[in-house]
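What follows is a group of structures, each given as structure tokens.
Both complexes below contain chain A, partnered by chain B and then by chain C.
Presenting the complex of A and B:
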């Protein structure tokens, strides 16, 4: 299928830019758990935050080529949505005053249910609503925030059709600006070192043979999960704004714990899914001779996700020292809020601890069933691995560093 | 399911979207791919991928399903598309079941058929 999309531009440290915005891979389980985590807190405008943070991402896509007509730009927005695994959008029913948009497929509307035990209480397609509202505003060269969502239906609430009705606002809302590529330190990244048989270059070459674009439904079923090639600054904005708002109510530590827990869930489902997938068996497993190689191997895979470069500095069955070069959380944080005063690599902290729990506590090499009972057993045990961040690029360090030890 | 093959749903993947067939007798990937195309009236789009030393062939019937051959040595994987209705999913599984039964019972059928 031919899609009218902007090329994704490779950057240093495995990062990729789409219309000058960084994109990274995450799966439906992390998307579910992060959203669920943020929505646990009421009365802080989180639902609006989820929509507004997506609006700017749709806006940058339709503002990226001003020589195109509004219809062409909306087609690009729809094709980008499909290419990156978010689903499909039909913009035929909108003009510069608003209208009705449908999403025949939706990652957030249809694929989060795999991670949810039970029915949803609220529609899950916040991202779709924001992206669509922003894309329409940008396509007609209107200010970001020009459209409100009047009504919507969502597959997650068992609607037969997903419809989003936009209405033009009399005065545009002021929304978050685009954060762009962010800021790194430009320090050079060392090669893989240590006692391992993992050949990162060979793994990257093999993974380059896989198609990670959205299928005809605009979805990406890979590694036994549904992937999205998502906007890094969407994750950054909703996570850091959540922390900012929680901080104002005296719940900063709790907010950070919640985001690290979302990182545990990411590790469990995304990394666990990868390490039990046929893709892993074909590409990485043949290089693994000992348990530590699984840590090196999964880091090599992580390094194609666009998250920055994860380097194992030290690893044993008891501890891990991980150095992350150009991590996406730090880059986005500095672009949005300036230099940090606290460590902010929540996803990385949760993910690093999760790796150790999977490999050394959970015996992931035995291909256990990644269900809730298994999660509880390895992440809520008395000897669970936990993380401490000792360096943070957002605080001015040259790289981010995480120590993982058993409690 | 039979002495020839078994299929089981992957409970993790979208609650029933992904089925894994394990073939219990000797089989040939090329013959399977050929007969799958015939069973679905040559409508499957073919995509070949190299995963390291593995060659994986993906056969896609748009908006219905995708079959991957070569990702596991012991069989194939069928992934329903999210919007495929339950009756259509069941019909497609049964078509693959019948094909496998025929192919594995008679490895060299002269006329491919579902």
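Presenting the complex of A and C:
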């Protein structure tokens, strides 16, 4: 299987760029809970936001090599979609006036159901629609926002085929610009320190041998979840724009709690899946002598996801202090909105609490089944861990810092 | 008569309560006393909203 894709370019702090946009790994559970959270709010243009934020990501892919023909650029967009775990796209039915695109496989259309308790109320493939509309515009060197979605069907609503019909707009919509690599502080990151037997270099060397590219269906089943090698700025744009819009509602603090919970869900499923996987047993477990080493070990794995570098500053069965160097949320926030006035590392806050809950409350070393009953048992306990962000790179601190304690 | 704590028990219930507050654009829901009996109309409205938000 040969795909016509741009190589991802390694950056400092474990970050990676694809066509100058940062990419990071996230799973179907996070994708589901984040999208579900945003869709709670009606009448605030959230559905359009989910589509529009994806459009720029498709656009940058088909604009990245202007010497290629429109058909070659669309093939690159389809191959990138498959390589990064979003599914498969057939662009054969489009031209510069629009047309019909099919997605024979779709992460958002087919894989979010594993995280969903019941049927979907709305089609879940917002990302697919936006990516496709943006990719077609870019392939024909039209302005971003040149296409509208006329009709669509989606596997999430039990359609037999997923079809997206594009029509050319008479005047292009003004959409979000690409945010690019974002901005960090360029502070140097310390090595792993503290009382641990974890060898991060050895873990990274072992993980480098694993294949994290999309299979023939364009999906990435790994660690018991479906991964996507996603555009960081897609998450950033939809999360932060949601926050901007919630400022007028009197519910901003609560909406932020839900964004943090999406990160907590992510930790339970992705980190939990990793810590119960054969790969963990083969690579990390032999280095773990005590429960705290599990925290150091999973942070070493997290550091290959493209999220920045997570460093354990202090850890005990009651408390974790985590310092994150060059976190993707801060980088994206500053690029999109300038310096933040609030802490904005929602994924990191939820993820850090999730780690402690898995290791010290959920006894992940006993390999529990990672289902809703397990989640509710841990999250409803009187001693659930929760996070407080004490430093934030987006607010001007050199790194982001999160304290996790039992409530 | 039901209370908010009956309808939204525990931490997962709190998350559900926030979702309902967002859906109904009802910030006051987060400030209401959890143990106070709810009038029937409000309880019905909340339970209907829960059904909506529990769909994917």
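Worth pointing out:
The rule is short, and it goes like this: the second predicted complex is superposed on the first by the 407 of 407 C-alpha atoms of A that agree within 3 Å, B and C clash if a C-alpha of one lies under 4 Å from a C-alpha of the other, contacts with A are read in each partner's own complex, and residues count from 1 in each chain.
Following the convention adopted for this analysis, contacts are C-beta pairs under 8 Å (C-beta built on N, C-alpha and C of every residue); 3 or more make two chains touch, one makes a residue touch a chain.
This one's a predicted model, so the numbers in the text were calculated from it and none came from an experiment.
By the touch criterion defined above, A:113 lies against chain B and chain C together after alignment on the C-alpha atoms of chain A.
Once the two complexes are overlaid on the shared chain, A:254 sits against chain C while remaining clear of chain B. Of the two partner chains placed around the shared chain by superposition, chain B is the only one that A:202 touches, whereas chain C remains out of contact. Contacts of A:279 after superposition: chain B is touched, whereas chain C is not reached. Of the two partner chains, chain C is the only one touched by A:124; chain B is not.
By the touch criterion stated above, A:221 is placed in contact with chain B alone, chain C being left untouched. In the superposed pair of complexes, A:156 makes contact with chain C only, with no contact to chain B.
In the superposition on chain A, A:373 makes contact with neither chain B nor chain C.
Residues 113 of chain A lie in contact with chain B in one complex and with chain C in the other.
By the touch criterion stated above, chain C contacts chain A in their complex at residues 9-12, 15, 18-19, 21-23, 25, 27, 30, 52-56.
By the touch rule above, chain A contacts chain C in their complex via residues 32, 36-37, 40-42, 112-113, 116-121, 124, 156, 249-251, 254-255, 257-258, 261, 375-376, 379-380, 384. Those residues of chain B whose C-beta lies close enough to touch chain A in the complex are 10-15, 17-18, 47, 49-54, 56, 60, 62-63, 66, 68, 71-72, 77, 79, 81-83. By the touch criterion given at the top, residues 28, 104-105, 110-111, 113-114, 202, 206-207, 209-211, 215-217, 219, 221, 224-226, 273, 278-279, 281-283, 286, 369-371 of chain A touch chain B in their complex.
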